[in-house]
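Structure, as structure tokens:
Lettered A, B, C, D and E in written order, each chain numbered from 1.
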Amino acid sequence: MPADDSVSFSSVTVTLAGFPALLNLSFEVEAGETVYLRGPNGAGKTTLLRTLAGLEKPTRGSAMVLGVELPGGERSLRALAGMMGTRSHLYEDLTVAENLDLARRLLGISSSRIDDAAELFGVRGRLWKQKVASLSAGQKRRVALAGLVAKNPRIWLLDEPHSSLDAAGRDLLDKLIVEATKRGAIAFVATHEAEAGRAGGRVLEMVGGTVRAEAREASPGDEGPASEVPE
Amino acid sequence: MPADDSVSFSSVTVTLAGFPALLNLSFEVEAGETVYLRGPNGAGKTTLLRTLAGLEKPTRGSAMVLGVELPGGERSLRALAGMMGTRSHLYEDLTVAENLDLARRLLGISSSRIDDAAELFGVRGRLWKQKVASLSAGQKRRVALAGLVAKNPRIWLLDEPHSSLDAAGRDLLDKLIVEATKRGAIAFVATHEAEAGRAGGRVLEMVGGTVRAEAREASPGDEGPASEVPE
Amino acid sequence: MIRRAWAVARKDMLIEVHSKVALNQVIPFALAVLLTFGFALDTRNQLLAEIAPGLFWVVVLFSSLYLISRSFRVERENAAMEGLVLYGIDPMAVFFGKLAALALQMFVLEAVAAAGIVILFNPPVGSLGLLAISAVAATLAIGSIGLVYGALSSSEQSGESLLPLLVIPVLAPIVISAAKCWSDAESAGAGIYDPWLKIVAIFSAVFLAVGAAAFGPAMED
Amino acid sequence: MIRRAWAVARKDMLIEVHSKVALNQVIPFALAVLLTFGFALDTRNQLLAEIAPGLFWVVVLFSSLYLISRSFRVERENAAMEGLVLYGIDPMAVFFGKLAALALQMFVLEAVAAAGIVILFNPPVGSLGLLAISAVAATLAIGSIGLVYGALSSSEQSGESLLPLLVIPVLAPIVISAAKCWSDAESAGAGIYDPWLKIVAIFSAVFLAVGAAAFGPAMED
Amino acid sequence: MTTTLVRKAVGVTSLALVAATVVMGLFVTPPDVVQGNLARLLYVHPPVAWVAYLAYGVTSIASGLYLWRPTRSLKWDRIAVASAEVGVVFTGLTLVTGSIWGRPAWGVWWTWDARLTTTAILFVLYLGYLALRRIPLSPETRAKRSAVAALIAFIDVPIVHESVVWWRTLHQGATVATLGANTKVHGIMAWTLLLGFIAFTMVYIWMAMVRYRVETMSAEIEAHQLEAWEAERMAEADTSDAAIGRLLDPGTRAPDEVPTDQGVAPR
């Protein structure tokens, strides 16, 4: 696999049950960029993220993501991507500890790494031995994020990442994105928040399954102390 | 049952699977008020909303909601409350039209009312005959909100109402809350957005299952053109 | 009440119309089970005709369990049942609405399974009236009890496979009595004054009443 | 591969340890079915002993269907299977991991059901070795095919009750052969060179291979 | 255009051949020594059964070609369904003609014979295949999953065929394959049987072609729909807020059904 770190879509169409959720979408993103996806409900943001994760296949057009060609290379792309959608991917019947332990085993990483991630998101305390089923919405989200951070993906795909998170959690996540992109990762963040992208990063305004406008282009967020990061 | 329009909790405790999700919670709210619930993940916001909807029972303490005594009057409270939680209450296998038609039949309201509500949230067009399963997150949310508006509840219980909604949807919902409270309804809005309550309404800061502080008190939002409403 | 029950029944039937789970999945399943049984127990034909009525009801019971599970699965996703509750709906309306939709599906299932049994196992059929009445009564009983236990065991997690365990022992007597009804119906002399039919009818009435009464507490936890 | 398969197996076993669905729901269900059958087919004891092997496998098959459904239900909530896929995991690892956990539960189920059958129906048991080997082979076959079809029919909506319809006809021959193995095992003379065992073993090998090959395409979209 | 012509030609030919088979079977061939006129089902029942095998064979090959990457195309998937659906019809016909034959020949409509049971299982297997196709999935996913299911289901076909050998059955053994050595089926009968076989094969081809046409047409409709949606996807409109007042007026609340709720009805 070439050590290519960029993403480029050329007239990609993705149909879901016959509906063109993405339509002739083209754009390019360089390593280290943060891209905010904005646009009305049904614009195709989630579908774009899922395509970037290798969970949906382009039906027309082609894309190159981190040196992986789409359609075709979905499986290898999945291993590189870190996706945080509306669904948490957690097993409700397992405890927080067991869910993260599963992630550790599947990723083949050390358990101190998992502990650190859990600590960071504040799920090491009382919640550690609780079943996920008994957590609040934001707590579940935090567990999922801990898994994501432990994976340390090369491309972050975040679908409305702030939803359910409290103020501290939002700040933390924003800081993590800044750090990760500083280290060369790419981040795609689908969000409806008006502030997104104000402090840096690119904004792609999507509508009708494609990019209508590249609204603003600000300095790529590499000055980034946490407080200046978009909230 | 007295035609009382206020809400008052006196040292209410709600335990979920043995855990005190609400603990000794007391507060009072008058007709026409909008209350923003804020606080860290796990503070008990969702549990409070569910208790107000008659979906959870106080295990200790008692409450009076719109003249209904809790514990005890859950069933009649439910008919008055409009709850919008993280789960949409929609049938995935039915179309948008069929879901809203069910609401119409259960509420015993006219179908023009349902049509208006659907129109308002922009789900009358292509989506009308689509199965809910094929909608985007925000589109589902809009369908659920259409049902809620059609019900025109006396107490609005909104759990992170902005999540998944696009800018237009958020504005619309905010406007609806202002209008509803102007007409005497009460609104509880659990949210993590920093701006919540800035333009009016009360803010209850929750933590550990109870109200830590009544952070700010602004003029109850009855001046309310949409643009001044918190976004 | 009736209006709302109808709304619930209508909704469940619409879901079936869209998803065709009963038609394309459960009914063929019943046929598959009949075949497997016949083949697995391949003893003399005489014996098969003898156990045919029992087999019929066992197959109907098992297939119905899938229909009942399905009936609650659609309520569970997106917490739709909670949505119903939030209309302040009388649980009785939900119960009778769901029962109507379920019973309708079960009748179709029974008709197909009965045809299969008659063709495959060749039991004599004497009094069709007795058969039909006992089937209606047993269906209502199975439906009522199934719905109550379905509501009891429908939790977010791990409830689904509890349903058969709860339901089968309770419904065993009625299934056995209904099978006896059929056995009796085989002799042409049998009529609707059959003693087993009386048992089925009594159980059915009791279960229906119990169901209507217990569904509320089961549903609204 | 093996490490990841073990992680998957471990997870499924932990889920069972927490939720005890197999232990508290499916196994008692199997016993309830055995009892109901014994009761419903209450003919002569001789007959019951004769059909006991067939009954055993039918009950095991049905109970296993619940275990398999369960195995996929836990993957469906919160789209957990999608989570596994996002680790770039080899589907084979998921297949063998889930198969290991499933087979373990099935062995316990079979032990209990066999004990129940022997106590309730009193069939003679001659060659325990033949019994055990055939049971292991049949278990692997049922598990493999069940997992493949579980993956094939797993959709967000309306797939769940399709599993039994798909699985039963495919597994019918193996269940029948396994039952014949038991029937043969009843005569003390039988050994592991039983012709039916050969069939079970062949089917088992074929289904295991088919399962391992087909699970990938079935699981990943 | 030409495909339409071919389809029509095949349709006409198959009808003519079936008519010829009927004439031959009913009027030209002699009644059987043992079974009398009953034996005339010989010209229908085995051909129908074989055509079912053929249909499932085609389904399996098409499924295999879909699964094999170099030849992956939704065309194969459409051929697979078309053929499987016709196969189910023919399996049904096998069961029906067999039952009709069995009634006088064996005295029962059905018996737990291995051939019969495995045939019935075959029927259910492909019903399952068709049911699997109905769960809502994207066309590619559905094609992939159903192809896997079709290949597994085909395992039953050799079992059905060999069942007469593996089990001691009531059903006829391989009579026709050993035709040369068989004196029971003589000249004209053999030719009629061959004719029946060709006729029903043609019927199969015709039905599968029609069914395939339906599949391609619905694919075309979907493509059209896609175009329409693509056009629609270019424009998105906003909604007015005129309705808010009407919707939120306290007087418009749902009438309450619960009788105890008198006090909370709209004031």
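The rule we apply is simple: contacts are C-beta pairs under 8 Å (C-beta built on N, C-alpha and C of every residue); 3 or more make two chains touch, one makes a residue touch a chain.
These numbers were taken from a predicted model, which means no experiment stands behind them.
The set of chains touching chain B and also touching chain E is given as A, C, D.
Interface comparison, C-E versus B-D: the pair with the greater number of contacting C-beta pairs is C-E.
Of all the chains, the one whose CA centre sits at the greatest distance from that of chain B is E. With centres set at the average Cα position, the gap from chain B to chain C is 39 Å. Centre-to-centre separation between chain A and chain E, using Cα means, comes to 45 Å. Chain geometry summary: the mean Cα position of chain C and that of chain D are 26 Å apart. Within chain C, contacts with two or more other chains are made by residues 4, 19, 24-25, 28, 32, 35-36, 39, 77, 88, 157-158. Chain A has residues 16-17, 19, 40, 57, 92-93 in contact with two or more other chains.
Counting partner chains per residue, chain E shows two or more touched chains at residues 121, 124, 127-128, 131, 136, 138, 140, 229, 256-258, 261. Chain B contributes residues 92-93, 133 to its touches with chain D in the complex.
Contact residues on chain E toward chain A in their complex (touch as defined above): 136, 138-140, 222, 225-226, 229-230, 233-236. Contacts from chain D toward chain A in the complex involve residues 3-4, 6-7, 10-11, 14-15, 18-19, 74, 77-80, 82-89, 220-221.
Those residues of chain C whose C-beta lies close enough to touch chain D in the complex are 19, 21, 24-26, 28-29, 32-33, 35-37, 39-41, 43, 47, 50-51, 54, 57-58, 62, 66-67, 69-70, 73, 77, 157-158, 160-162, 164-165, 168-169, 172, 175-176, 179.
Chain B meets chain A in the complex at residues 16-17, 19, 39-43, 46, 86, 134-139, 141-142, 159-160, 162-170, 192, 194, 231.
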